[in-house]
Structures are given as C-alpha cells and as structure tokens.
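Below are two complexes that have chain A in common, paired first with chain B and then with chain C.
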Partner chain A sequence: MSTPLLDRPSALPRDALPPLVDLVVALADNKHALGLRYGEWCSSGPTIEAGVAATAMAQDELGHARVLYGLLEELPGAPHRSEHEWAAEDARTVGLLEQPLSSWPHLIVANVLLDQALAFVLDTALESRYLPLRQRTRKLIEEERFHAIHGQGWLLQLAAEGPDVRAGLEGIIRQAWADTLCWFGPDAGGALAPLVTLGVLREAGDSVRQRFLQMFGPLLRGAGLAAPVRAEGGRWVLAEPLPWSRWDEARRRVRHA
Partner chain B sequence: MKTIGSEPVYEVFARRVDGEPLRHVGSVAAPDDALARVYARSIYDEESWIEMYVVPRRAIIPVESVRTEAVDAHA
Partner chain C sequence: MLSALAEVNDPEWPVSIVDMGLVYGVAVEAGTVKLILTFTATACPCMEMIQDDIRERLLRVPGVRDVAIAVSWDPPWTKDRLSERGRQALRRCGVSV
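This part shows the complex of A and B:
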C-alpha cells in the first residue's frame, strides 16, 4: 500500500514544521544570495559567453528562491521572506556568500560546491510526500543540471591554467568545504532525520554526503586539485572530520571559529 | 586552457516545433563541448525551443563558397 501524500501544510505533523521551515528558509536564502553573487559577474566574466551564463544562473537562482519563499508563505510559523525585502543580515547563508565572490575562481567554487550541494538536497525532495514541495522541485533540479555542467567545465579549465591557479582554487575550496559538507546534516541527518522518517525527504546526512563525494572526488582528481577527500576501497571518503561542534543546525551554517 | 578570446566557435541550431527545419540561430565561443551547451542555452533562450544543438564550426564541411580556398581545403 502506498503512503498517502501530505497535500497541504495542515496535513503535516506539528513536530515536522520547525525542521521543514528551517530547511526551506536556509535553502531559499542561500539560493537568493547565490543569485545576487552570480549577478555581480554579469558584465565582468572572463568572456561575454561566461558573463551571460553567470547572468542566466543568477536568474535561475533568484527564481528558485522566489519559488521556495512561496512555499514558506503556506507554512505556519515560517519567518516572512520576500525577494523584494531581502535583509542580508538576517539571512541564513553560508560564509562564502557573505561577501562578493571576489574572483572568477570564487564564483566557480561556489558553483561547483555550494550550488551543487543545495541541488543534492533538493533532489532528496523529488518524490516528497509533502506535495507542495514535490511540485516545486523538479523544474529547479532540471535547471541545476546546467549549473553543474558549467561549474565542472570551468573548474577543469581553470585548473589547467597552472599551479598558481590550482593553489588558489584549493584555498577557496577549503574555505567553502566545511559549510558545504556539513549542509547535508550530521549522521542520519540531525534535524532533517524526522523529515526522512515522514517521507518529506528521501534521505539526509551521511548518505547524501557520500553521493556528493562520489561526484566531487573524481572531479577533483581530474582537475589535479587537492581537498580533504580521498579514495579508499573504491569510494571517496572524507580525509578530515567535519567541525560538527560549530555546526548551527537551525541556521545550517558553520559558526566562525 | 586556451587563451580567452581564442576558443573554438560552435554554431547553434534550434527548432521551435516538430516538423520545422532546424535553423541557425547564432554562435558561441567555448573551450569545450560541455560549456558550449551551457552558453548556447544561456544566450539563445529567447524562444521556447523544442530542440537545440551546437556544432563545432570546424566540423562543418564547405560545399560551395565564394571563398574558394575554404572549399579547396576540403577537396
């Protein structure tokens, strides 16, 4: 017997609301910030084509944020959010997006790491039991396919420029690493685990992180870049523990050391 | 990495509806096929295409041209 869909907010168990609200706020705020940061490169990409692609990704991300803010409006207890009244100081964004992406390699690392991590989390809602989330997810994931191709293509291009550029990329990757890899949640997902149990998300925590590493590890190897990940027994695993003591579960970001 | 500005050119073709011929809609410069796809989708998105393709310009074989050297090179 198939599990019935949860077709409206009132069908959600009361204790599922806080983790769902926190997740959607953090997803939407990060996407909004990512859209603004991509947009800062609209007219200053390394080529006209690259600038236009950054513009298109900015439009996509701002659109994704708008869709997710719309989802929040239906959820009881959700904070008010609007793309027209966006307050950066209140936003639940990760550290890399607090400042403008100061170089094209910064944009590419945000593209290939953070943007893709958010897409991996969204992908866990593709078959969500919570219908309003499920209905909004598919188009977002389809657009994210092109963001992935863009990020991966440019990472390889930049890394081929030489050791100085590779060292710069490795520094930026390390800067974004903890926030990105923690984003999936600890162990079985931490605060997201009840949403998995309920069928709102397919999975969370370690299992999503593992899938992300199986995508990202080979890409790093192909680019000749070092990061805290290594191949072990045919799988890619973390080479260093993540800073869970500084992980802020509600805001979904790592607190500054 | 190729010098920026010297990347290969890809011609972009698309059609709006089934039965309509593919038509040339423009071109992009990109270092590889993957980024050519991304750029074509970003730049030529003004219509709801049902299909879009990129073709490396170097793969297009001239048949006739007022610039005879272009045809002669493939003779």
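This part shows the complex of A and C:
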C-alpha cells in the first residue's frame, strides 16, 4: 500500500514545519545569491559565450528562487521572501556567496561545487510526499542539468591551462569545501532527519554527501586537482573531518572560524 | 475558452500559448475561468505579461467575470508539448524543433 501524499501545508505534522521552512529558505536564499553572483559576470566572462552562459545560469537561479519562495508563502511561520528583494540581514547563504565571486575560477567552483550540492539536496525531494515540493522539484532539477555540464566542462578546461591555474582552483575549492560538504547535514541528517522519516525527503546527511563525493572525486582526479577527498577501497571519501562544531543547523552554514 | 486562449501569443514567438503547450487545464465555474498554466522555464521573464494577456482576453468572453490562474511545474514543459502548428511557426523563425 502506498503512503498517501501530503497535498497541503495543513497535512504536515506540526513538528515538520520548522525544518522544512529552514531547508526551503536556505535553498532559495542560496539560489537567489547564486543568481546575483552569476549575474555579476554577465558582461565580464573570459569569452562572450561565457558571459552569455553566466547570464543564463543567473536567470535560472533567480527563477528557482522565485519558485521556492512561492513554496514558502504557503508554509505557516515562514519568513517573507521575494526574488525582487534581497533579505540582506536575514539571508541564509553560505560564506562563499557573501562576497562577489572575484574571478572566473571562483564562479566555476561555485558552479561545480555549491550549485551542484544544492541540486543534490533538491534531488532528494523528487518523490517527496509533500506534493507542493514534489511538483516544483523536477523542473528545477532538469534546468540544473545544464549548470552541471557547464561547470564540469569549464573546470576541466581551466585545470588544463597549467599548474598556476590548478593551484588557484585548489585554493578556491578548499575555501568552499566545508560550506558545501556540511550543507548535506550531519551524518544522520540532523534537522532534516524527521523530514526523511516523514517521506518529505528521500534521504539526508551522509548518504547524500557520499553520492556527491562519488561524482566530485572522479571529476577532480580527471582535472588533476588535489582536494580534501581521496579514493579508498573503490570509493571516494573525505580526507579531513568536517568542522561540525561550527555548523549552524538552522541557517545551514558553517560559522566563520 | 481554448479558442480565446489560442489568440494569446507567447510574447517572444508568434505562437499561441495553446500551441506552445503551456495550458495544462481549463475549467469554468460560476463565471470564473480556472486555468492551470505552465511556462517553458522557471526563469521565464514574461510570466506576468502572459498572465495579464490571458486575463485581458478571457474577460472579454461573454459570461466570464473572473480568471484564476494556477502555475504548475509538474510535469515540466518540454518541446514535446508543442503542437504541429507551433513547431511549424517556430521553424519559420529559425528555431530547430
């Protein structure tokens, strides 16, 4: 017998609302911020085509923020958000997006690392029992497919330019690493665990992080880049522990050291 | 209602929203047209313009007093939703479909 869908906010158990609101706010705010940051490169990419691609991705991310902010409007207790107005004081974004992406390699690392991490988390809602979330997710995932192709292609192209560029990329990846890898949540899922139990998400925490590492490890090796991930027993694993003591679960970000 | 909606064009192409495959459902209840609509992309810059055009056209249909539009992303729009007439119009504009 299949589990019935939760077709409206009032069908959600009361204790499911805070973690769902926190997750959607963080997803949407990060997408909003990514859109703004990509947009800063609309006319200044290394080639005209790169600027056009940054423009298209910026537009997509702002569209995704709009769709997810629409989801918040239905959820009791959710803060007000709009794609037209940046919630500067309350925005729940990762540290990498607090400042402009200062070079094209910074944009590519944000694209291939953070943007894809958000997509991996969204993917866990593809078959969500919470219908309003499920109905929005597939479209967003489909549009993200092009961002992944863009980021991976550019990462390989940049890395092939030589050791100086590779060293620069490795530094940026290291800077964004903890923020991104913690984003999936503590091993057992943390605040998202009740949403997994309820069927709102398929999985959370380390299982999502592991799937991400199996995608990202081979990409880094193919690019000849060193990073805090290593192959072990046929799998890619973290080479260093993540800074969980600085993880802010509600805001889904690593606090500054 | 569909013939009235077929007079509302996508602002970017000479193709109606019906031939574009954007209309997922239409019903009329007590003078209110209830429309389920999608867009080609979440970043579509013409969402509000298209909805305004729809309201303007449907409110000219005798008996229609209100228009309620619900946006749906499920199933996601793909070019498979284009009608043959829509495909031909896009091909004339140089779009490969």
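In this text, the second predicted complex is superposed on the first by the 257 of 257 C-alpha atoms of A that agree within 3 Å, B and C clash if a C-alpha of one lies under 4 Å from a C-alpha of the other, contacts with A are read in each partner's own complex, and residues count from 1 in each chain.
As a working rule, a residue touches a chain if its C-beta (ideal position, glycine included) is under 8 Å from a C-beta of that chain, and two chains touch if they have at least 3 such contacts.
Just so it is clear, the structure is predicted and the values come from calculations on it, not from any experiment.
Enquirer: Which holds for A:251: it touches chain B only (first), chain C only (second), both, or neither?
Expert: Neither: A:251 stays clear of chain B and chain C.
Enquirer: Just chain B (first), just chain C (second), both, or neither: which does A:211 touch?
Expert: Neither chain B nor chain C is touched by A:211.
Enquirer: On the A-aligned overlay, A:146 touches which partner chain: chain B = first, chain C = second, or both, or neither?
Expert: The answer is first: A:146 touches chain B but not chain C.
Enquirer: May I ask you to decide whether A:157 touches chain B, chain C, both, or neither, giving the answer as first, second, both or neither?
Expert: So A:157 only meets chain B here.
Enquirer: Just to be sure I read the superposition right, which of the two partners does A:49 touch: chain B = first, chain C = second, or both, or neither?
Expert: After superposing on A, A:49 lies in contact with chain B but is clear of chain C.
Enquirer: Now for A:202: first (chain B), second (chain C), both, or neither, which partner does it touch?
Expert: Neither partner.
Enquirer: Touching A:221 in the superposition: chain B (first), chain C (second), both, neither?
Expert: In the superposed model, A:221 contacts neither chain B nor chain C.
Enquirer: After the superposition on A, what does A:230 contact: first (chain B), second (chain C), both or neither?
Expert: After superposition on chain A, A:230 lies in contact with neither partner.
Enquirer: Report, in rising order, the residues of chain A that make contact with chain B in one complex and with chain C in the other.
Expert: Touching chain B in the first complex and chain C in the second, no residue of chain A appears in both lists.
Enquirer: If you look only at chain A, which of its residues touch chain B in the complex?
Expert: Chain A reaches chain B through residues 46-47, 49-50, 52-53, 55-56, 146, 149-150, 152-154, 157-158, 160-161.
Enquirer: Applying the document's contact rule, which stretches of chain A touch chain C when the two form their complex?
Expert: Listed in rising order, the residues are 59-60, 62-64, 66-67, 70, 134-136, 138-140, 142-143.
Enquirer: How about chain B: which of its residues touch chain A in the complex?
Expert: Residues of chain B touching chain A: 1, 4-5, 7, 28-32, 34-35, 37-39, 41-43, 45.
Enquirer: Which of the residues in chain C end up touching chain A in this complex?
Expert: Chain C reaches chain A through residues 41-45, 71-77.
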